[in-house]
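Chain nomenclature is as follows: A, B and C, assigned in order of appearance, with residue numbering initiated at 1 for each chain independently.
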């Protein structure tokens, strides 16, 4: 059987966090009441004209610099014509041949291997409105209603080179890109809500070939999981078509998450002819060096820099650091916690372990996590100082999730302080030796396992509070 | 002939218009008359000439990112041919 | 003299002198409209109630001795492609037959601030596409100089209203001559300002890189007065120029001594009616007598202007008019079973033949495989046309041409589209280069007015106003009134 190489490129649309829309002064804020954040401009009323929001350019430059692009000095806007009811003028204002950013890259790491993925371009454009269907789905609805609240919201489209060779690489690229957009604060990156959207171009070619296969565009990928599953499904589908002697067609398919398949979208007439041409209602945007350098100087710390800092400053392993920086909120939580924590790796262990498990289980993000960084730091310190055993620390953590109390207070309330008092421990040691002569004899006969049993008995008597280290040490001394 | 009746039909479709069969021949003829006349442009050498998408040399007409109150919901829907659930009603989107 | 025969500046003096009130004046205009409108059909919509209410407000201000602008209380008409809040704006199309704007165009805001009176909305070629006003869904406007003739277009209603005494001033819009040509056919003054002088916000777009709003009036003074009101930077239009607007009435001096007037030879050659040419040449002589220097210049790419325009303008229009899909406003076919069918049927039924023709032409020249051969080529030729003017202006201060190669021609003359397009050759290049151009009356042929066009440098409206004013005061063609139906023989 022929072996194939997968070729993937991603087109990512990010809604910008501007106050107002791209070309009119309507609020860009999300609202549930249809057609309330609208004006003559974004309703496409006769006679209205677009005026560009400066912040759109600012954000596009910032995103471009963050992914190592060259910012283009001469910018113009073009009209991309197609008829669809959610598009109020039936053309989208976009940038065709003079995009604001060119030739960038994002570095990814999959299974320990570093790889550089090219960013072809970033351009500015506007979002469309939304269709609300009368029935459950678009195809079962007799009619729909159009809501133009999102119409005209500013977008940037980030187009990658076809440099990815697996679904995991695509996922890593997307995760890194999302983190960058979050760090630079240009997009709120809510994939489920559609503020960050991804289309994947997928093709396969025989291993060793230089010419790419026929490319299929997959739409509707609104989670990392969907991205990975859709690509994996699509690659298998393409292989099957070729194995059966079929021919692939260049088409757009949509990801059906419920059934785990990609479906061919209804072929609209023939190929789309967008009839791009310059939009004479807008004038060119000239970006000078001073503007670019100011934005560059104001760039916040980016995920890669932050990862390096966490490794260097806090001695975190690369794996820990990469996961903590992958979401801005997690990284900020970490930075806040280590201000008072005595053990950075301890904080990392909590975040990567129990905290992540809890968040996943609850289906929430760290921004919604109730335990404060200071409290988590205190918990780490209680363990570090030997006040709590790691087992009891987990118990305290469970209590912290229930009520907003400092771990120190909870430890007292629940009477969980570790007993490190020599007298008290000695009492337990003597008691236990007296009650278990056989085990003492076994130990003296050189059976090391016996000491484990005796320690267990002492811990049981102390309800887990005795300092295990001290118990071990004093037991040994007593039995010598 | 620059365009055929078939081409005219395709252009009409792209424009979301219908040219009735009865008018197709005349439309095609008018189309060709203009396109044939456009041949005179080929006489001009435009090598190295930049197009003029903007008449005047102005740039950076930018506005501050300040959101203003839009129109009321009633005004938005004032001219709507049909309304459904606060939105502009359209017949089924997929045929 | 009837009130409707006077100019804005004359009427302003009468208002200030308490000889008349604005309510009287406005009523006089509506009486005149009642009298002649069934013959002329200059208006699509009238707004008598609001007009009289506004007139009463101005009268109250005058009574209190408050200061008012020159245009305050002076009734005018607005071309029906300019958005007026609450007042139907149809673009003379079935597509917008019931459309009520929810906002005012920038020029309307300015004119409201000056407390002018809006009598109603004037007829035009559908979506400003045409030069006869015959493509209006609301019927053709007839030329008050000869009711069997077209009034020109696309601002035919605005020009005919002036000639018939149905408005003191009007606004038109000019994409390829749509103010100047009807002004010429109706013996009026019409000026297309420099592209960017007047905000296009609220002017229903035909071709965005060419459209410009301007006044049509009885004389040059009124043109300057209306310009003063409507010009200026507008934040809502990216192409609106951020330059100081002079007081244009200051340019109204009778002096052309030493002014270099260029005659582009291409505008006096083949295709021009010799009788029109003769009238314009008389005007040239007059300027010489008045002390101007006449120089011959050449605009070598003139012969390409028409086709260049008929590629660029439809291309822009094809996108500008894509929004008329029956979804948010305007005409909708209610029988359609799907959204796509609804859009196609609404557009096919809502647009007239000329609009459909131009949308399709524009779609074609932008479509894949033809963009470079047509649209991009035309955009390059546009550059050459612009350069022609730049070079010509090295030798002169303004240009003088016939406004149109012909006088008003018969209605329904059954001309093919291309032959009609060819007549725009004298006005189109001015839009291509974004220059200011004015048309003023300069004679008659068979009792029909002949107009001459003065073209200025970018932002130099002042020079063409001065030259126009000097000629007007020296001749007096603006004082000849349309006979309205009778055959006027000079």
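Convention: contacts are C-beta pairs under 8 Å (C-beta built on N, C-alpha and C of every residue); 3 or more make two chains touch, one makes a residue touch a chain.
Treat the numbers as computed from the prediction; the structure is a model and nothing was measured.
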Most centrally placed chain, judged by C-alpha centres: B
Pair exhibiting more inter-chain C-beta contacts, A-C or B-C: B-C
CA centroid of chain A to CA centroid of chain B, Å: 40
Inter-chain centre distance, chain A versus chain C - centres from mean C-alpha coordinates, in Å: 57
Inter-centroid spacing, chain C versus chain B (mean Cα positions, whole Å): 23
For chain B, residues contacting two or more additional chains: 14, 16, 53-54, 58, 61, 63, 71, 76, 88, 90-94
Residues of chain A whose C-beta touches two or more other chains: 40, 43, 51-52, 83, 85, 144, 146, 273, 275, 280, 282-283
Residues within chain C bordering two or more other chains: 99, 102-103, 209, 235, 238-239, 318, 322, 325, 327-329, 339-340, 343, 363, 367
Of chain B, residues touching chain C in the complex: 3, 8, 11-12, 14-19, 27, 30-31, 33-34, 37-38, 40-42, 44, 46, 49-56, 58, 61, 63, 71, 75-76, 78-82, 88, 90-95
List of chain C residues in touch with chain B within their complex: 98-100, 102-103, 195-196, 209, 235, 238-242, 301, 303-304, 307-308, 310-311, 318, 322, 325-332, 334, 336-345, 347-348, 351, 356-357, 359-361, 363-364, 367, 374, 376-384, 386, 416-418, 433-434, 458
Chain A to chain B touching residues, read off their complex: 18-20, 25-29, 33-40, 42-43, 51-57, 76, 83, 85, 131-134, 138-139, 141-148, 266, 269, 273, 275, 278, 280, 282-286
For the chain C and chain A complex, residues of the former touching the latter: 81-83, 89, 91, 96, 99, 101-103, 105, 200-205, 207-209, 235-239, 315-316, 318-319, 322-323, 325, 327-329, 339-340, 343, 363, 366-368, 371, 375
Residue ranges of chain A touching chain C (in the complex, touch as defined): 40, 43-52, 79, 81, 83, 85, 88-91, 144, 146, 273, 275-277, 279-283
